[in-house]
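Each structure below is given as structure tokens.
Next, two complexes with subunit A in common: one pairs it with subunit B, the other with subunit C.
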Partner chain A sequence: MSALAAKADPHQPARAPGRRLVAWLDERLAILFLIPGLACLSAVILYPVAYNAVVGFTNASLMFPGWRFVGTANFEATLADPLFWRATLNTLVWTACSVAGQLLLGLVAALALEQVTVGRTTLRLALIVPWAFPSIVMAFAWRYMLDPLYGVLNFLLMQVGLIDAPQQWLGSPDLAMPTVIVMNIWFGFPFMMVAIVAGLQTIPQELYEAADIDGAGAWQKFWYVTLPALWQVIATVVILRTIWVFNNFDFVFLTTGGGPIDATTTLPVYAYNAGWQQYDLGRMAAVALVMMVILGFILAVYFRLLRLQKKTGEA
Partner chain B sequence: MFETHITRRGLVGGAATLAAASTLPAPFVRAQAQRRLVFWHSYSQKERSDAMRQIADRFEKANPGVKVDIEIVPWPAFPQKWPAAMAAGTLPDVTILLAENAVPMALAGALNPMDDVVKALGGAEAFKGDIARTTGLFRGQHVSVPHYVHNRLLVYRKDRLAEAGMQPPVTWDDALKVAIATTKAPDHFGWIPKLAKGDTGGGFLLWMMARSANGSFFDKDGKVSFDSAPVKDATAFIVELARKAGGPGVTDYKINDNFSLVNSGKTSLAEDSAAIVAGAAKDAPAVAEQLDATFMPRRKRVGNLLGGISVALPKGKNPADGKEFARFLFAEENYTPFLLTIPLFMFPSLKRAEGPSFFDNPTIKRFRNVVDVTLKGLEDTSLAGMEHGLNPYAGPVMNSYAVEDMFQRILLRNEPIDQAVGTTAKQIEKVVGDVRTRFDRG
Partner chain C sequence: MRSRNWTLAAYAACALFAVFALAPLLWMIFSSLKPYEELYNFPPTFGISSLGLHYYEKVLLSSPFPQFLANSLIVSIVSTLISVLFAAMAGWSLARARFRGQWLILNTVLLAYLFPQALIVLPLFTAIAKIGLANTYLGLILAYVTFTFPFSTWMLTAYFAKVPIEIEEAGRMDGASNLTIFCRLVLPLAAPGIVTVAIFSFINAWNEFLYGLVILGGGEKRTLPVGLYNFVGGEFAQWGEMMAATSLTMLPTLLLFLFIQRRLVGGLTAGAVKS
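Presenting the complex of A and B:
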């Protein structure tokens, strides 16, 4: 007899409170099983976001007990700071160049890897190496390689005569941002490559055979067969990498600390300095909220483009 | 054969009963538990963490019923960890911390006073120089006690000075001449100042030189005195040093890079503590043979910079045992052996620890001049920006990296020194003003 039928039956003897509780719990078993997962999600996502939103409107500080609401003062101070706008521009350059470079290199590497017949697995593993190391290890390894006094890169470039004197790759305002972007491209392209390789393997071989019969060249096969088939994969990885790179803190902070001067100060570094160096948690939270808005806008543009592309494809 | 039938309803009922039953013995378990003492420290090296565990074991033996739980908190994690612990009500009973980190903790009401501990150790006069006051006294109370200390020195290569026919520098002019004379670009450079962003190397160096010229960044009330002749004079000295004898990496290097710069022989002079010599003795013995140290060069006086690691008593759950444990750390059988776990890294804050048991250590004996210069410097030294005692301004000012930013603008963008100092003074005024607004409000 179902629980519902038992509830409706007037001849059913009255049950003890303990049994009623068990029955009540039993009826809601699915909800009970969902509670731990939902609680975890709330604890690690909803609570921090909501807490951050509240703190952004307060004068909370690591140095002083208590806090009070200060309205939009943190946002006004942030938007009035020229360094914030410099950091915003740096972040957009850092994100756009890194993601574009990673995509391009990942795509080329994936297409090249597809042509390899011997030792493909080994090669694939070797190309994923950057992802196997913690960012602090890689950041310091890069710093040593690029060091102006004993870095191997300057040594090699001087040996082959490409430069006359050691360069300050991370210490020059003109070179620092391009250098950290190159480092980030190196770090991030394997992710793109692996995803694109997986996408390539889903493209039916018949499409290429049909293209061959139609007399298509390599470039035409890539443009009219491969690229359209990969579009969804590429869009997904670009969106993911955009979010990750935009919010990336450790790579920039560990290599340049945001310098020289402000050449590589991105928004996460700017927020960190406000909160953990200046002890101004309210200001840091406000910057984080502004970052969410900027990132939300970028993603909205991406999704809009995706929808347009989908409609064009369907038409 | 037994057959067991478990219905879904039975399982849920059983789980609910078990969950309810499991809470019943909790008060009794708690009542029978030992007194737990939570101790945070940041001594992550094996020698030091082992020594801390041994001290904790001895404390447990001497105080039956107390269990010391140690948590190693990396230095960079500490500023983020204590506010989270305070919010969660899980502050430790005793902690080791950078002396300057006691200020925000004290302001936040996270610390118990340590006046009793200082008194039990012999009062402020039992400590070297004025360090018990300048590193621990805040708003009339001792909020921390210096566990160990060190002082910034000018470490130099004896062989390079001899080759250049120079004596260890005493004044700024001497230092500049020695730095230029011992530069052999691109192989090595005279003195590489560490002026990278995201590090306090530039701020510390400028503060020492400004103090040497009888100046400072601000007074004890937070009134900014950065745009002044001594600071401009010190800035000009460091810029000249960087340009003429610093090599191409001055804006890349951080304080911690000194180890590799000294060990690789890339720099002939370096501003650092005696630890740099200990590092070389371990990793580059041939280089260490050539190292010695003198005081930082003077304009009108020596601008000593103290490095202080302190003990504090956060508002944990076991304040009484915490106080006892803090005292126990300084007990004779614990203190000097701990200082010598990594010789030359740690110098005694207590005068009474300067005895044969300290000086007879082979490494201390081997670099006795480095030790003597350090100990002499400790008699008249202070934390950066805290020459008048602990204050809430120095930390945010140093951590704003405004000074490093200034040096980078001068060196990389050729900004005139007067203009750069003026701009930086305004940045520092803003930082100090923000702190003072909250500080005055209490």
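Presenting the complex of A and C:
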């Protein structure tokens, strides 16, 4: 069955000598086909990791040619920088709130969409629109809506009576982080919704019928049938999203640039600034490595929780 | 009667979600059509009588937007073609052949897809600058190929795994070479998957900002996201131009996205098929 790697068929007529090379190559097509891909993979994995691991211990800079090893100086400087800790805290808040919000909205939207029969396709299309936004477009569309002087959001919220005076959504240190998180939730909930809708469709209808016979209410059905069945999907999308949001650079950078007064500086923005504002490549590499460690730690906790959940689920 | 209430609640929730989801898009398009004076009014105006295409005219005829658009098209299309070709080759190989290290490669593909940009951008930029490709289309195309390849491979491996192997075996019986089987039998059968993956990787390249910013700097070859970003405070200081330009930038992504959305989920979740 292992078709591609199969050896040449001995029953085939012997080929002309000139074509032997072609035949030889064709037999190994599966391996040959991997070469460009492996080159790409080394370009995005092996080389960057090796590069950062080396440069993180040097004083390489975009300003000056040449470099030398400086030991752990970059890591010490990073860990001693209060802004690094601020950025770490910001990143954790940004990631946790964004992912939780996206999941919650995505789940509610998916459940609501499942109940709807009239205009379901149209609604579905409407709800995934945010997902299609390029980050540059999202940043500017929202920045205009949120403008403190003539933004439509201030106007609407004042009409409804939620706020008394126009707010500086992106300009005040207190509001900026919650605002970019809401933007991120807006952008990310469609992905969660779509994945959960797909998950809902795999739940056998008999389970609900059985629950009906047992006299379960809507809430009980959700809690005892729907949610356990969705567990796998939810775990997967939460892990994927956590990684994406944690690593995300564009949203924050394009919306607030990390400001005001570093209120929204996340680790990717911090790393970028070290390299491209301060030209300190060694520092940037060190920060990138530290980010990997933090992300690895978060994922380890997730997988731990998943395993625990599985065990208690089976027990 | 309870379920009726639930249905009503569901419709209400969907309506709310739709407003939330669409408001920024609609307000952006609406604003791009307003005359200058109305863009800076508070309270904002909602009248439609004075709407017009003047900002689109300005953006398309007397701004660097068309140049950025051309740059984005070149970079996105070429990088998509290369990346999908590589991904199709690797995906077929991973879906069909059995060899040592296959499991490792599949997992590395997934890992690459989740790798932080902050970690990749610096080495990638240094490498591209070193071979003299900073500020060139080719430099950015190479960067995009490497970053769209893992995801494309991940999705295509799943598609190829679904192509019935009997067809390939029949081809082999007829004495077709592996290359012929791949080009004549496998690729056409996997065409829908390949189209989806191509569109997705086009969208990713079209939307990408950081690599473009770093590799192209401020030159003539800037892609749309970088061009629009740099022009804040310059030619696009005005919201009218900006809203028109972002609406135009959004258009291809939105259309393509709605076109493939159904197949996207399947691909995303089916990726784990082999591991």
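We adopt the following convention: the second predicted complex is superposed on the first by the 281 of 315 C-alpha atoms of A that agree within 3 Å, B and C clash if a C-alpha of one lies under 4 Å from a C-alpha of the other, contacts with A are read in each partner's own complex, and residues count from 1 in each chain.
As a convention for this text, a contact is a pair of C-beta atoms (placed from the backbone, for glycine too) under 8 Å apart; a residue touches a chain by one contact, two chains touch by 3 or more.
None of these values were measured; they are calculated from a predicted model.
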Fit-or-clash call for subunit B and subunit C when the two complexes are aligned on subunit A
clash
Have a look at where A:29 lands relative to subunit B and subunit C in the superposition and call it first, second, both or neither.
both
Considering only the touch criterion stated at the top, classify A:47 as touching first (subunit B), second (subunit C), both, or neither.
second
Which holds for A:303: it touches subunit B only (first), subunit C only (second), both, or neither?
neither
Quick one: classify A:115 as touching subunit B (first), subunit C (second), both or neither.
second
So, does A:125 touch the first partner subunit B, the second partner subunit C, both, or neither?
second
Applying the document's definition of touch, where does A:171 land relative to subunit B and subunit C: first, second, both, or neither?
first
For A:149 in the superposed arrangement: first (subunit B), second (subunit C), both or neither?
both
Which chain, subunit B or subunit C, ends up touching more residues of subunit A in the combined arrangement?
C
Partner chain in contact with A:256 - subunit B first, subunit C second, else both or neither:
first
Quick check for you: in the superposed arrangement, does A:285 touch first (subunit B), second (subunit C), both or neither?
second
Clash with subunit C (superposed arrangement) - responsible stretch of subunit B out of 26-34, 62-70, 80-88 or 386-394:
80-88
The intersection of the subunit A residues contacting subunit B with those contacting subunit C is 22-23, 26, 29, 149-150, 166, 276
Counting only contacts in the complex, subunit A reaches subunit B at residues 18-19, 21-23, 25-26, 29, 32, 59, 61-65, 147-150, 165-168, 170-173, 253, 256-262, 273, 276-280
Sites on subunit C touched by subunit A in the complex
2-3, 6-7, 9-11, 13-14, 17-18, 20-25, 27-28, 31, 39-44, 83, 86-87, 89-90, 92-94, 96-99, 105, 108-109, 111-112, 114-124, 126-127, 145-147, 149-150, 153, 165, 168-169, 172, 175, 177-179, 182, 203, 206-207, 209-210, 214, 224-225, 228-229, 232, 239, 242-243, 246-247, 249-250, 253-254, 257-258, 261, 264-266, 268-269
Residue numbers of subunit B touching subunit A in their complex, please.
8-9, 12-13, 16, 79-80, 83, 103-104, 107-109, 186, 189, 196-199, 247-252, 254, 260-261, 264, 266, 392, 395-396, 399-401, 404-405, 408-409, 412-413, 431, 434-435, 438-439
Okay, in this complex, where on subunit A does subunit C touch?
1-5, 12, 22-23, 26-27, 29-31, 33-34, 36-38, 40-41, 43-45, 47-49, 51-52, 55, 105, 108-109, 111-116, 123, 125-138, 140-142, 144-145, 149-152, 154-155, 166, 186, 190, 194-195, 197-198, 217-218, 233, 236, 240, 243-244, 246-247, 249-250, 254, 267-268, 271-272, 275-276, 281, 284-285, 287-289, 291-292, 295
